[in-house]
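Several structures are given next for inspection.
Consider the two complexes below, in which subunit A is the common component and subunit B and subunit C are the respective partners.
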Partner chain A sequence: MTVTKTDNTPVTTASTTSADETEPVGSTRAERLSALVQQHGALAVLVIVSVIASFSFDSFATSDNVTNMATSSAFLAIVALGMTFVIITGGIDLSVGSLFALGGVLAAWGSRHGTLVALLLPLGVCGLIGVVNGLLVARSRLAPFIVTLAAMLGARGLMLSLTDEGANTYLIAKGSFLAELGQGTTLGVGNPVWLMLALFVAGAVVLRRTRFGQHVYAVGGNEDAAALMGAPVARTKILVYTLSGLLAGLAGALNAAWLASGVTILGNGMELEAISAVVIGGTLLTGGLGYVSGSLVGVLLLKVIQNVINQIGSLDSSYQQVVSGAFLALVVIAQTYLGRRRQLV
Partner chain B sequence: MAPPAEVLAIRGLSKTFPGVRALDGVDLVLRPGEVHALIGENGAGKSTLIKVLTGVYRPDAGTVEFQGRQVSFATPLEAQKAGISTIYQEVNLIPLLSVARNLFLGREPRTRLGLLDFARMNREAEETLRTYGVRVDVRQPLRTLGVGAQQMVALARAVATDARVVIMDEPTSSLEPREVETLFSVIRRLRDAGIAVVYVSHRLDELYAVCETVTVLRDGRRVHHGRLSELSRLDLVSTMLGRELGEVRAEGLTKFSGDHHAADTEPVLEAEGLTVPHKLHGVSVSIRPGEVVGLGGLLGSGRTETAKAISGALPIRSGKVVVAGTSLRGGSTPGAIRAGISLLPEDRKSEGIVPGLSVRENIALAALPRLSRFGMVSEARVDKIVNTFIERLRIKASSPHQKVGELSGGNQQKVLLARWLAMNPKVLLLDEPTRGIDVGAKAEVQKLVDELAEDGLGVLLISSDLEELIEGSDRVVVLKDGAVVGELTGEDVTEDTLMRTIAGDAPATAATKEVATDG
Partner chain C sequence: MAEATVRTAAPLDKARILQWLQTYGVYAGVALLLIVNIVITPHFLSAENFRTQAVQVAPVIIVALGMALVIGTEGVDLSVGAVMALAASVLALYLGYGLLPALIAVALFAAVAGLANGALVALLGVQPIVATLALMVGGRGIALVMLPQLEDLHNPSLASLGSGDIVGVPYLILIAAALAVLIAFVVRRTTFGRQLLAIGDSRPAAQLAGLPVRRVLMVVYVVSGLLAAVAGVLATARLQASDPTSLGNLMELSAITAVVVGGTPLTGGRISIGGTVAGAVLIQLLTATLIKHDLPPSWTQIAQAIVIVCAVYAARGRGKR
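What follows is the complex of A and B.
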């Protein structure tokens, strides 16, 4: 395979590429193709699966089903947005599932004191846990895996103590602003979906167009070099874990508003779903390369697959997980293969 | 006109690490527009000096004055901001980011909205790089560039940050000759712009081509400084290695017996035309059974690479390795081991011992497949071999079950040696076998090398210790910039001829047999 060696001659290759300046592309046709598939492959699969599903199942392309899928995707997508930042820096955040549940319970619990408290409380607590995660990872140089695993256990414990081991379920009053935020629609689309889309646009701009975003890529690409080049490595790491915590808390709060109660059993395994979505979307688990848009596609793909399996109906619910797992493995294998072709890993 | 005031003045710099005096009262003065060669062998203190200058280490004593003010940098970033940029041997950029973003990271142009201005960034990056002879699509990720072009990006970045002093640590080690030319023209441009350059390299040709002044470090001390043109190559090499010319030793200081009775038979190892891009250019070495062949040359001349290429640890582009008549397929370590080649690596910590395992386990590690039948390891056979070698190599351990990490450096080295001897090798490649071990252990290892050769092993010895190399070897093959430049045999195996050969001004006598490598 022809790789970097061919570029030893520093001649201009500008005319041969038409890629957006912000997207890393390869130098050879094969590399460029791999890059394209890695970046947009998930989108292509999403389209194909959706088209097939809508022909195969009458109930798939109905507005009810689509609306439902979109709204339930929104919460995971918000969590995956934060996870994208963390993974691009080369880290991982296992605490988001617990923070999601904790955020929901805190929002429901706080809703009796008004919407402001119901929103600020989960954001404050989950954001703070994110800050602690970031500090431990960046300053104490502990492994992100362990730090966020501890946060995951701790946050779940906190949530259980708030609900008396899950015996208490706090409700969100109908008609409150919070409930409206979670359940209402604007132009026929659920409010959480709009909010999620706004966050993704903002996230993409931050990641692609700000210095902070550059630092996120730099830290994940080569931490030592980034430090030597003057990137604030520690600050960047603290910020991404804080962001991940905040977004997980927000997603939890919105989800609680949607369900009108803080459901304690939610969020189990959500961190893994979020990581899967990010990886499916073309972000490298080793860091340094990734796309916010890819993560959104990854979330949608996961949700569509789940929905399709539900539509089949005849499939035992246990086997649904087997199919999901096999599909995920397939996608990750494809991504890894493409990454190797591009000599990224 | 008076010479311009100094931009950097280092005075009496000292730095001690546990057990090592890395820098001992070193002075170095740089004027604007001066290209200064900083040279010295391994452990001379070059890296420590650079690291003190760039804020990685704090000095124990001495002062650094930069642009008239006394400074003490806490981090490389601080040094960089003040105007001291460093270009490392390995390119320290971010491969997945685009060329332009690498160039501008941390000082990206922004639009009025505070967002990054990519159009301007790419345009300026292209303009800047063109002046460095690099014409690439700056939107491409950095990794798609050749090493030379990457090095240029690093250089452009270093200079663009308003550097007054640029330190280049072996910048040419991975460059093509044409790229080296471009680098030199950039250095000359920096010089003309009044920027001082500290140039670290082991390639004498380069030093003389581009440097004006020189500082030679040895064992943490400055042993020479002045104009480079006033120092002949031979003087430079002898100053660096710390050997007076014509210094004759009646009696060796090492424990080597001197000559071995190399069987006048077919070589047990024949390596021919080993070529590794950027590293080796057609190196040939042959070793007969019972012979110790030394590999001479300065740091970076390709000694370690030669050993690694022979042992299959470094893939070769062309050339062949023949062991006892059987040709090896290149690039396979297991294949080389099976054929009977054992390499004792230079860095025993990272490439050799497993500190958490016992002496017994470390010795048996490589030989396990040979000591087992149907996947079951015969404990009795392991014990037998381990005990044999502990005795034969005089390994001092409380028991075979002591952890290797707890042993002294010398004994660790012996354990490694035992591991490879347990493989029953025909050829032993020793890369700096006595580095970092105490004098007593050193003598024992040297004696062992002798004994092994007596037993009929072919030994390739790499050592930066000239005495050890000269007294331990029957022949010395001299490398320079990845090619064989001479071979010393018989009477000519002396420090004198070795240094002359390295310096490249060996008289055309029988002293050196010039080996034609460039046709």
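What follows is the complex of A and C.
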């Protein structure tokens, strides 16, 4: 009920868990340092790992390998972009992996009716599921993780029933515009990568420069305060879940175009990868603070680690899960430590 | 501070119906499914069928018991499936020394996994979803590093654990039932149970009241890990093979569903053990019904999704008042 505390602009309130925390305006040096680590720590690690990898493995820094990594990162990055918005509002979206698979199958199924259908169908269906997620979270006030968990099950069920329980793989015809969108390159870089970059620039602008972006931070920082300020809390939440559904569907469609088929076994565990990438990128799971650019760095870091493990031929690919899990735990511990420090200072 | 919880002048009847549904809906659902099946499903009323269903649901019940405790503290444990896989791997690795040493090794690993979760949640104050997410990703990786592929296990005592019975009741069912009674007793009749619920109701208040918040949380996550390991061992014993790749996949989902459908609110502070067991049985019956009538498995997932949303919707606004 204290309106006085809401006069900080939402973007700068890096408020963590407690609602009645007032941030000192003049930052101390320790505080600035911890903010710097929070925002750019992942980038530093990415650079270090990449430099070490390119010295250790001859095949790491080749243009083939880099192009490959970039393209395979693009799909996860698009999913992580939507997840960033959701997590900044303090929510979570576990349905993205299923929506990714569903989007791919719908795109491949729709591709026989032309590219427009192949793109609009996944966007429409996945967007609609996102809207339902948002409505249940925002209007019915159900816990985001259980709502999106149900959506994860439901969307995968829908995808399986579309493909005769996964037995049927729809193909995308060669030479169609959709296939070109997924497989073609512009200036030597794959089209999905360009699309992903464009989406990230748009995402960053929306988050930083629009009223909607301000509302996203405000809702995540302190929902009650945001409501008292007159921010449309419910609408903002519905929009972020819709956005996340749309982007997951789009990523799935692009992935299908890249693979030239709607593979049904994809997207399992993708929600975890996306969440890890977002958290590694410095976005707080408690909401109110986060960076679109950080999520991109997080995705790249995960993919580089994966690539390095693949380069070490003797290591089984299950080491990748171990490393990802350990890395996630480390980042979370570091974030908690930094966050607590900032509160104490 | 009460705008969120007070819904203005909703008709009392509706609130009462919702409340009734939340507490007893799951039992009504089980009864309804039983009756429907007896009427429409051929050969449903056979001891053999009941045995099959019960043996299938036993591991889910055991995991869900631990999950209910964790959810009662306003937490969640996403790592249970990974811990099941870990248990299967460790069991396979140490079975050469005999069943008992292998079981001790499994218990140690599971306790360490639970301690890791508990330390992140209780000592560092990390959100439970993220804290257990790390082990969910990493745990299965560790399991696969230890045992990269399916391994057949030939151990007579393990085999009898998985398929043996006492007067026709399989060990699996007896163990699940015993654990359910034990956990229900702990929740209702012990100081630990009271403390656990108090923490779930309000962690700051519990702290101020001088309860050992950290210790209770640590124990809860360790218990959840141990129960997941028990389920992993039993499932492995039934398969007579250790399968770290797929054992326990999506188990966290089934367990959370059972708990939530059973009327335990995600907001903590209340636990219904009877409801949790009934919730697991309800999902099992639903799946069995759809499969017996030749509906594709994908329909089961959609049906399960709808049941979850309905259950959470019915539970909304309850729990903490």
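Assume the second predicted complex is superposed on the first by the 317 of 345 C-alpha atoms of A that agree within 3 Å, B and C clash if a C-alpha of one lies under 4 Å from a C-alpha of the other, contacts with A are read in each partner's own complex, and residues count from 1 in each chain.
The criterion applied here is as follows: a residue touches a chain if its C-beta (ideal position, glycine included) is under 8 Å from a C-beta of that chain, and two chains touch if they have at least 3 such contacts.
Note that this is a predicted model, so its numbers are computed, not measured.
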Touched partner set for A:A74, first subunit B, second subunit C, both or neither: neither
Partner chain(s) touched by A:A326 [first = subunit B, second = subunit C, both, neither]: second
Subunit B versus subunit C as contact partner of A:R141, first or second or both or neither: second
Which superposed partner A:A225 touches (first subunit B, second subunit C, both, neither): first
Contacts of A:L207 with subunit B and subunit C, given as first, second, both or neither: neither
A:Y217 touches, of subunit B and subunit C: first, second, both or neither? first
Partner chain in contact with A:L178 - subunit B first, subunit C second, else both or neither: neither
On subunit A, positions contacted by subunit B and by subunit C: 17
In the complex, subunit B residues that touch subunit A: 76-77, 80-81, 92-98, 100-102, 105-106, 108, 110, 114-116, 118, 122, 133-137, 139-141, 143-149, 152, 157, 176
Interface residues, subunit C side, partner subunit A - complex: 1, 4, 76, 116, 120, 124-127, 129-131, 133-142, 144-145, 148, 253, 256, 260, 266-267, 296-302, 304-306, 308-309, 312-313, 316-317
Subunit A residues touching subunit B - in the complex, by the definition given at the top: 4-5, 7-14, 16-17, 19, 21-22, 24-27, 31, 205, 208-211, 214-215, 217-218, 220-222, 224-231, 288-289, 343-344
Subunit C contact footprint on subunit A (complex, rising order): 1, 17, 92, 136, 140-143, 145-147, 149-154, 156-161, 164-165, 269, 272, 275-276, 279, 285-286, 316, 318-326, 328-329, 332-333, 336-337, 340
